[in-house]
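Every chain is named by a letter (A, B, C and D) in the order it is written, and numbering of its residues begins at 1.
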Amino acid sequence: MNAYIKNQIELFKEKNKNRGCLLVSCPDQPGIVAAISQFLFSYNANIIESSQYSTNPEGGTFFIRIEFECPNLKEKAKEMENQFAEIVEQFSMEWNFTHVYHVKKAAIFVSKELHCLLELLWEWQSGDLMTNIALVISNHETAKEVVEGLNIPFYYVPANKDIRGQAETTQLKLLKEYEIDFVVLARYMQILSPKFVEENPNKIINIHHSFLPAFVGARPYERAFDRGVKLIGATSHYVTNDLDEGPIIEQDISRVDHHDNVDSLKKIGRRIERSVLARAVKWHIEDRIIVHQNKTIVF
Amino acid sequence: MNAYIKNQIELFKEKNKNRGCLLVSCPDQPGIVAAISQFLFSYNANIIESSQYSTNPEGGTFFIRIEFECPNLKEKAKEMENQFAEIVEQFSMEWNFTHVYHVKKAAIFVSKELHCLLELLWEWQSGDLMTNIALVISNHETAKEVVEGLNIPFYYVPANKDIRGQAETTQLKLLKEYEIDFVVLARYMQILSPKFVEENPNKIINIHHSFLPAFVGARPYERAFDRGVKLIGATSHYVTNDLDEGPIIEQDISRVDHHDNVDSLKKIGRRIERSVLARAVKWHIEDRIIVHQNKTIVF
Amino acid sequence: MNAYIKNQIELFKEKNKNRGCLLVSCPDQPGIVAAISQFLFSYNANIIESSQYSTNPEGGTFFIRIEFECPNLKEKAKEMENQFAEIVEQFSMEWNFTHVYHVKKAAIFVSKELHCLLELLWEWQSGDLMTNIALVISNHETAKEVVEGLNIPFYYVPANKDIRGQAETTQLKLLKEYEIDFVVLARYMQILSPKFVEENPNKIINIHHSFLPAFVGARPYERAFDRGVKLIGATSHYVTNDLDEGPIIEQDISRVDHHDNVDSLKKIGRRIERSVLARAVKWHIEDRIIVHQNKTIVF
Amino acid sequence: MNAYIKNQIELFKEKNKNRGCLLVSCPDQPGIVAAISQFLFSYNANIIESSQYSTNPEGGTFFIRIEFECPNLKEKAKEMENQFAEIVEQFSMEWNFTHVYHVKKAAIFVSKELHCLLELLWEWQSGDLMTNIALVISNHETAKEVVEGLNIPFYYVPANKDIRGQAETTQLKLLKEYEIDFVVLARYMQILSPKFVEENPNKIINIHHSFLPAFVGARPYERAFDRGVKLIGATSHYVTNDLDEGPIIEQDISRVDHHDNVDSLKKIGRRIERSVLARAVKWHIEDRIIVHQNKTIVF
């Protein structure tokens, strides 16, 4: 990592040393917000941003994301977590308490098409993607030069159907070695095994080059061309073991017309893929996404 | 039809009495534009608008739409068509020569949801849809009041799976009686028989309430909700005998999020359906659409 | 008002008899959410939807909108308001406590172009705009037939620069007589006097036919054409005494190109105006808008 | 320039060695298309793409862009230009005959914000921007490393109000030395003198960081924030001596809301600026733009 980005990250950590984030889901009932906000106030925490949603106020599931500023958070964090257990039990909560200063470590997987990787690297270099891109793994050497030029470790791990097991063993070892928090498939054109996916639930973000659920699977631009659609799209989603069926995080589209051939669809599509994936990754690292019943709530 | 609209149509016909439109497709080769434009010039016609497209300049198919102003067009039209036959033969053209002053006659089919019908009626009343809405046919009586309020004949023709044949006999008879040029299915929730469709090739415009090819078939909003998409859409297409597989004319989408339930998806969707269908109908009546290999070229 | 809509409104009121909404703004500090949510919980109210925003957690202004379901709200409302006074004082709040079952009464002002009026009437008829359109006032008689056809009182009040005072006296009298909560200027092409505006702060919603602050004032489509813009827009805002300078509620745009003349810009623009105004009115009647320093927070 | 791009350009030139482009404007009258297409056909040229537009068929101005494939174009070009003179005279045409294989030479001017420059470099590297980026000129050294890393000459030319004359002398000398066809101001934060602009009519493309004509001049994001707009935009235009008043080539917008502060408006805006400028440059190098009365026709 170069000095500028290291410095950016240090500044971010210092600026957010007292910033915490609480993600909660539980059966909806009166009193949840009162309990949580009273709890935070008892630690003198100021709520900076709060979003909530209920699938149904009567018998549904309640979700909330609260970002707060709490003096001396590091010192208090342990005690807060312990104390919060009481509320967790009372409301049967699933919850996640994160420190904003903990900058997540990412691994990016890529194949030969580099546009999504380049977009992430760029947003990262300009300080708009506050993550630690710890390594890039590819089954091709195309990205090697640009990645290493930014002082990011690059690993060439050959992969295809026949050597999947072996490749994933290497990949998983690297993820552990670098203590990776999440994986981005930035146009990585290999299918991951169920084992790999299950070890990383809601931690692998993929970009699919179509407006899902249209054109699930291979060659979506070719099929979009054949169908004569007037809009093409891209979809970012968490990877599950059902191909292209994981929880959708973000989608966008662009208008096309009869002049466009497969090549120009791909060019137009690249721009959509880049921005859709960048948004999804941003929301993931800011802990804005809750997965519920194979759908996402994005706060 | 009320007096205002009758008057609008008369004004339009007078204004466009010398306006013609030529739609041509043929194997691409040098000289096509030269031949057509020379032909038009020989009748002192001024080209007002011209759009062309070739699937491939080498061995592909060439398409052109030319709108022109020709003094005394009505008198010359017969002769022009005859003379044009020579060029047609030379270039193996498929072609269509229309008079803009010939205002097309439309039949609108609708069921219980009226938003698409209302949009068409509205655009029509404001003079933005230069067609003659000759009748409305419905398998429900919901639309009766509003349609008859505009002095448009309304026919209640009960229809469902069991009485399809009988219903379609009545419907086809009405289409003939009113000399209908094209049919708009403005959320008509019945499937048409192959016979009905084959009698009206590229003359039946449907609005499907999804971003095709996603959610082909019934209950698209419910399925969009279940899949957790972040955008919903609507598609207007010509009806063929493959359900929701006909040539796409126009599509559009709108952004949704986790707050939206099936009802709000439907509300948001109604706005998209209205505008997508209105645009498709407008392009159809202006002879802007060529169908080629189950896709549309929209000039 | 016709029977169907009356019925819709009654159903809505019954369904929302226990639904309340609290809009609060105050200097930001820890404990605000805790205090409000604790207060609501003490009345056994369940928070259905909550949105908040702070201009700056350090020394800024805090805003929150809370929609809640509270058993027997009507009986408790008076006491709740009284009790809430304590919190109001503690945090120096400005606040507004509304009952969702109280359906707001609207007056629509219109001139000769009816598209915005028709959109509102339509949304209203389909139950998507839960307001009571109590009367329509116009300086032309164009809208009379359609308005009275829906059993809405229509008042023709001639208005122009020279008789503004007299016209506004009549208009204000009507607003009082019908106990109007807010006014929609649906392409009402008259300027209102400072007196009229001051009597209705943040209660008059206008649609301006440009993407403000571009093309403030008259003839925006003509000026957009002259400038050769590639997008045209519309803006809905609250009316203040600075022409077209009031707080912006909503904006949208549509793409245009060199083919478009002033007429087609107007046609395209009508569609934008319709949807932008409809959204602004919807948010207003749902108490989603807070005005702060000539800007809007839309929750 | 690196070997890959050099190779891309050579491939492009080879592929387009017989591709020509004709841009014509003249008073509208019958026979223009016939004359031009007959002329092209006489050289056995096949029209690949053709777009036309008339401000008014009666007494207006007619514009056409024709892209054609002509065997042995290089050998015939001189003669074709000579022969075309006859038609030019007959119809009082202004015209421009270009060879697609002639790849235009560009100079990019930039200051400290690099996002627009990076976008252009990226599109260029991926072969989507078929131009020869001959040099980059900046009044800061920020871009030096990235530009020289791509083997593009970088010139640091200090510039500010006080030394404008001196700076422009150096810049104009460089433009001549490198035989530059057009200049891109990719967030170059200096005003150019009338002399500089007049020497390069319709050859300087600027990106302005607002939806013109809103927020002409300095600090548009700050002013957009103060006004509370709900959409922000960017505008690419040819530079004239009226600040931000030159012919608009392309515009686009993105939605924002009350959460956005000036910083986030700038972040969102960067994405719009990048794509708007890239499209404008692409259309310029493909000879798709005709300037007429301070507006653009983009074919």
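The working rule: contacts are C-beta pairs under 8 Å (C-beta built on N, C-alpha and C of every residue); 3 or more make two chains touch, one makes a residue touch a chain.
In this text, all values refer to a predicted model and were calculated from it rather than measured experimentally.
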item: Angle (degrees, nearest 5) of the CA superposition of chain C onto chain D; value: 180
item: Same or different residue numbers at the chain A/chain B copy interface, by half rule; value: same
item: Chain of greatest Cα-centre distance to chain D; value: C
item: Centroid distance [mean C-alpha coordinates] between chain B and chain A, Å; value: 43
item: Centre-of-Cα separation between chain C and chain A, whole angstrom; value: 37
item: Interface hub residues of chain D, defined as touching at least two other chains; value: none
item: Footprint of chain A on chain B - complex, ascending; value: 53, 211-215, 227-231, 233, 247-253, 257-259, 294-298
item: Chain C partner contacts - residues on chain B that touch it in the complex; value: 115, 118, 122, 126, 128, 149, 267, 271, 275
item: For the chain D and chain B complex, residues of the former touching the latter; value: 28-34, 37-38, 40-41, 44-52, 54, 57, 69
